[in-house]
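Same chain, two partners: chain A is paired with chain B first, then with chain C.
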Partner chain A sequence: MSSNTIQADYPQFHRCEVDFTTRTEYVEGMEALKAAHQVLKEWTFTPSLPERGYTNRTLYLNVGTLEIRERPVTQQMKDVFTGGRGFGLWHLWNAVTPKTRWNDPENEIIIMPGPVSGITQYPGSGKSLVVSLSPQTEIPIDSNVGGYFGPLLKFSGYDGLEIQGKSDQELIVFIDGQKGLLRVETAPAEPVDSHVLAEILTHMYAEDEKDRVNISVVSAGSAAEHSLIGMLNFSWYDKRRGCIRLKQAGRGGIGTVFRDKKIKALVIRGPEVKGDLNHPKDFETIARTGIKLHKELRSNDPVQCLMRRNGTAHIVEIMDAYDLLPVHNYQYGSHPETHKIASYIWDQRCTQRTADGCWYGCSMACAKGADGVELRTGPYKGHRVTVDGPEYENAAGLGSNCGVFDAEYLLELNFYCDTYGICTITYATICAFVMECYQRGILDKERTGGLDLTWGNAVDDLEMMHQMARGEGFGKIAGLGVKRMKELFIRNGWGDPDLINDIGMENKGLEYSQYMSKESLAQQGGYALTNKGPQHDEAWLIFMDMVNKQLPTFEDKAEALYYFPLFRTWFGLYGWCKLPWNDVAPSDNAKTSEPAKIPEHVQNYLDIAGAMRGVKLTSEDMLNESARVYNFQRIFNIRMGKGLRVHDHAPYRSIGPVTREEYESRIERYEKELREQAGIDPAGLTLEEKMAATRKYRTDRYEKLVNTVYARRGWTLDGVPTQARVKELGLDVFPELVEIVKAYGG
Partner chain B sequence: MRQLRIDMGKCNAGRDCRHECEEACAVKVFKLDGPEHAALHIRELPDGTGQAILCDQCGDCVVVCPADALKRNKMGTVVLDKNLCVGCYTCIGFCEKHAFERNPEWVVPFKCIACGICVKACPHAALEIVDVPTPDYRII
Partner chain C sequence: MNMIQVNGDPLAWSAGMTVRDVLTLRRFTFPMLVITVDGDLVDRKDYDTAPVPDGADVQVLHLMSGG
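Presenting the complex of A and B:
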């Protein structure tokens, strides 16, 4: 199904024309805010540009002791960890011990643009990887984020920024890559919510209007202070709209760590961006490959995904049509009101005729913006704002998964998540969980402090979020996340513990992202067999499994859980976005031997990475580069007390039908499965017996998948990389890694 | 707006000329030798006809430029501000007329600005600068 079909079905909906240049402004009084700053430390450095993608140094800042220094990027770091997420994990490994907790001063926030990050010719090449110990999972989290901060940091002279320590007063860290100056300033008076703060700081630190595009701000928000689900916003200045835009390092609570360190914002002022600042070895190959993809997007995006018009929300109606859209906390896969939040709505509601990339040269341009949104609730009630997105995850999560089928409220939910500095995906899954608890009597109005959390009640949903931002009431409890809420509800005796555990969609302490995986075995593994918790960054297999039908056999699914997590890890090592890999495809892709991999695009990436570094890279090199970091991260998890088979346990809601209603909604599918795959004749069995048989069949199948995937990855049945695999990957140069796997039977 | 047009009835695709239009553009506008450096191109096709690759100032490149480096000037001609250009080549990839180009020696790309130098150089008077209504920007 294409979005065009849907649009044709709803011709009565007319384009919403808004003036995209007017909105509530927040810069008044900026001088007084600036006057209250006190410089705690000033430090100078020599700005430099990367050579073949690397500046060969990173910047270390301790916000507690105000120690600032440069650290070399060694050849061993490049050989073993490549860059980006690999460098981030390595720095974090050296910073923490197994006893370090997320709110200890030793924990770090590490921002690492990879070696290609900042090239302007190939779409999706401006990403930074943010790494920290997660407050939610208590293991390393990594988050892939757009916005200009990472590339501008690289062009100021650093391959990354490592922040350690805890401050006792509110800080802004300003890095001026034009002047070679770093200042740590107190910032007592600025508001913390991102849409206000990023705008103020962009104006405050730019030398004039033209300079605003050289500024990027990293900030969180007030809900990040009172919850474990804080995220970081990375800004850029949108010249056409005349406002700041935001992209999020969302998952895992890094914004909570940021506010716990009392950092209000990081601000970078980079040099003017030009097309060759990464100084690749072979610019010509990068230019040629980039133009090829621009052409492909021009010709194919309008007939494939319409990313340029709707962003990732283009799949809302597709997921609904295939019964895969999360509805009411992943109970169901479709809903009669989905058309109210489908892509044609966002096509109309987002401003078109503008360039919406989150870094220069991204002609996929999925960072859509809905302008002229007038807020109806909360501290910014009545303000007119620009909302980024909504992306698919937000439309599905904040929308169908919570029963909210109102586009304007959905935008408001999306807006407040962003400005309050909390992850939309995480918040959505939390809200879906509490709404189901409300449905089933585990929660009631008394337990929620008066919130009526019935499906679709967007006003009380927003009030829960406002409470989270104020650190009050049930909103504060929700900010603990699903794992801790499950434990609390069970401890309070509020419901059947088995049911609460079955419907609480978390693994390793992280909430599931917005795909209903119970009918896709590949996605069940794609979620729970992850290093950092259930997100689709590592293995977004549901589309190729259920829509494109590219993984028909058990073996195909297991193999996909070997290849794709490694392939997708590679994006994070270099600073790439995944969307231009498979949200557009060459016209002849279906005729290739492995269409799911999109071989031409894989070759594009290999060509560009090789041209950047001056080496020739093969697919095997790619998988090895990724496997080193992927296995290192697994061992890191084990070092921190997770990373074993028990931690790859999936909640049953992600595998099969928990309740009678769910079973009955797909009874034909489940009975066919019992007959044809489980070898059980459902005739004569009670509903409870059929549900139990389905549960056993599906749980056994998941465990069989785990065995097969672990073996393919070179891990023991307990999920520990074997010593042989560690040696094969060259990770045995670090004896402490060998010691860990040995201790756990690897 | 100003727009360069060609009458393919008069131009016979370089069969009895030396591509003076391209040469004049390359030398006088870009100070480079060789028709490949020109902002317009005339190709001979195997069937005996010709093909002209010209910018019609449609403005698609203005819409897709992420750096806001492409604008219409007072005469409606789309011009590139080299200081703002970030060398991403989205303009090249999204130009349906293949009229936005790059020279491997430069990071910034280039295009026709309807200056008319080629018009004067054409021995067959096949080229002309015309004044046409400026089209609306399209959703691309």
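Presenting the complex of A and C:
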């Protein structure tokens, strides 16, 4: 897609005037850094390309023992786990025991692009899934990420990379898929922050300027070393801008595991990317389906979501209008200053003269970037950088949820989260929590070491993050995450334990992402009834439930909480991005029987997956492929001592109004609910009595939803998959799974 | 009657009301909508002119963008 085409499609917008080619450079002194490397191990392999989406081998590396070997991808792996997240979970299952903790050498970081990952014909087909035992939840976490590393790994010859062990020296792992060479090198001198490190290593390992597009770097950052919320950046070289760009495997603290293993970076040099490297069985179907979506994006995106201009940030003001934007730690759903961080601000602030796909061929191109951002704080103060984002989650989380309605500060917060290697969603929810604690006197300046965490104080918000990166002060405490902070604050006697537990927005140890769920029962389940913790990539049902009222009964909600998590799991098995599924829709989608599912796009995915593998796939096949992995992951959680009903408990802030002011802000809604649904006349009740009645009604309703969802999923009332369901899915080929569910009454 | 139902909730009706009026009154700004009036699909290009009669049952289905 040429930049001229993008401009022509959106004539109503004016261009960003920032020079997008000027930024601070970090490659000076690169030769000295390289000279300090010592090769610890060199290993050769035969590069190969996939056939029908699979290379049929994965790469294992132990950074402690320096053992390197190939492992076969068996037919059973393909039949049961399909690929991507499924393969990752299977490898992790075999690597750990119920006693393994996140920082044990046995824990792994597994990067798995799925069988379609790397095709260039269909938008959003470059995703990798990263799996590890999470430092935050102590169960498996899966995080999907764009950038070039996964597809280039596949085109070098491997369906995935499995890293185990712990090093006692700082390492870089270099995989040269052109030469068939893997090198483990010490890297004592490189900085760890991602925007610097990825740029240096891209230049260091590319053979010439043209080769830079074949390099991708996986890295974390200095805050990942001192917190539990570390994330991984996956780079790609943006040749139009002449700089590296970053996409994030954010959730669950995988960057913390990465730095705990003393890995500074993984670097891949893949072959030159061409259009048919996955070698599908039926290339024509994939090409034809892709052309159809490219045309649809070009004609419909300008009148639908404007993803190609604003990315997911297009919904900031929409969420506000529907009273769903998280404001002040999810207390409220809208704010008078939202217009300062709305999509039209980002439209002007992000560079629009360049295509922004995080993998080749993605004409949705939503990986927006703000160029020429001059930093005002921290170790890079005065530097001029390109910020990847903000996406919706960053604008809403770092912005409205913390009361920061300043676009330039939001970009700086976004930038530092990325380069320090911490998850923006997680950091945002942490910051919102501590700001509310500050508001309510649970924290004060003495307890925060002088930080003034008043809503909207972006300067001290940034200072907290810089402290996290330095491993000092209150920032280090914040880096423990909401769950552990709640325990600490209660232990210290800093506030009412019930209030602290109610307002701390975490489930299973993972922080909520940035949608306000309290007025949508289905979304409450969509968050808390997940395998990995409350991330919106399983089931985003707010509109269906709260606005459309399409899910009036518990059974309707349970059906949605059956279908959508499985559908979304499927993206992670194959290596797809979710966004082209439903951030653009065919012109005649409204005439279909189930427009919410975008049936034409679902069929596109079935056609492409089938064409890749040489099989005919139906919707039922899709759900079964996902259900095998989804239930396997649930049983994995149980094996690790979690995964039961008690772990699906939701904090009350996600279910209803915790405080008087929250209740009063929507008093009409709550009193109507009491009258019409709970059968309680609020007249004559005190505010406290009305709040208690609302709480009881809503909590009971949540528990009833849990019962209904578990039944639909084939689980017991304690959340354990039944033996019958395990057998139905064919998972009984693994006797250990049967033994686990049996032991827990399944 | 002077009342319509929008996604099951009542909304005051006024003479000459169009689909666009309903969207404005309910602050339905989301760009990907599927709208029916008494079961009949309304094309996006007709939102400004499509009439909403008194007593109508209007369904405004929001697709699941974002998330």
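Heads up, the rule we're going with is that the second predicted complex is superposed on the first by the 719 of 746 C-alpha atoms of A that agree within 3 Å, B and C clash if a C-alpha of one lies under 4 Å from a C-alpha of the other, contacts with A are read in each partner's own complex, and residues count from 1 in each chain.
In this section, a residue touches a chain if its C-beta (ideal position, glycine included) is under 8 Å from a C-beta of that chain, and two chains touch if they have at least 3 such contacts.
Predicted model only: the values in this text are computed from it and were never measured.
J.: Give one word, clash or fit, describing how chain B and chain C relate on chain A after superposing.
T.: In the superposition, chain B and chain C stay clear of each other.
J.: Answer with first, second, both or neither: which of chain B and chain C does A:308 touch in the superposed model?
T.: first
J.: With the two complexes superposed on chain A, say which partner A:659 touches: chain B (first), chain C (second), both, or neither.
T.: Neither: A:659 stays clear of chain B and chain C.
J.: Treating the CA centre of chain A as the corner point, state the angle out to chain B and chain C, nearest 10°.
T.: It works out to roughly 70 degrees.
J.: Which holds for A:240: it touches chain B only (first), chain C only (second), both, or neither?
T.: first
J.: Which partner does A:178 reach: the first (chain B), the second (chain C), both, or neither?
T.: A:178 sits against neither chain B nor chain C.
J.: May I ask you to decide whether A:294 touches chain B, chain C, both, or neither, giving the answer as first, second, both or neither?
T.: first
J.: Please work out whether A:273 is in contact with chain B alone, chain C alone, both, or neither, and reply first, second, both or neither.
T.: Once the two structures are laid over each other on A, A:273 reaches chain B alone.
J.: Rounded to whole Å, what minimum CA distance do you find between chain B and chain C in the overlaid structures?
T.: 18
J.: Would you pull the chain A residues touching chain C in the complex into a rising list?
T.: 303-306, 312, 314-315, 317-319, 321-322, 392, 515, 536-537, 540-541, 543-544, 547-550, 578, 582-583, 585, 589-591, 595-596, 598
J.: Going by the contact rule at the top, pick out the chain C residues touching chain A in the complex.
T.: 7-9, 27-32, 34-35, 41, 44, 59-67
J.: Which residues, counting only chain A, touch chain B once they are in their complex?
T.: For this pair, the touching residues of chain A are 120-121, 213, 239-240, 272-276, 284, 287, 290-295, 297-298, 308-309, 352-355, 357, 360-363, 365.
J.: Considering the complex alone, what residue numbers of chain B touch chain A?
T.: The contact residues of chain B facing chain A are 63-68, 83, 85-90, 92-94, 96, 102, 104, 107-108, 137-140.
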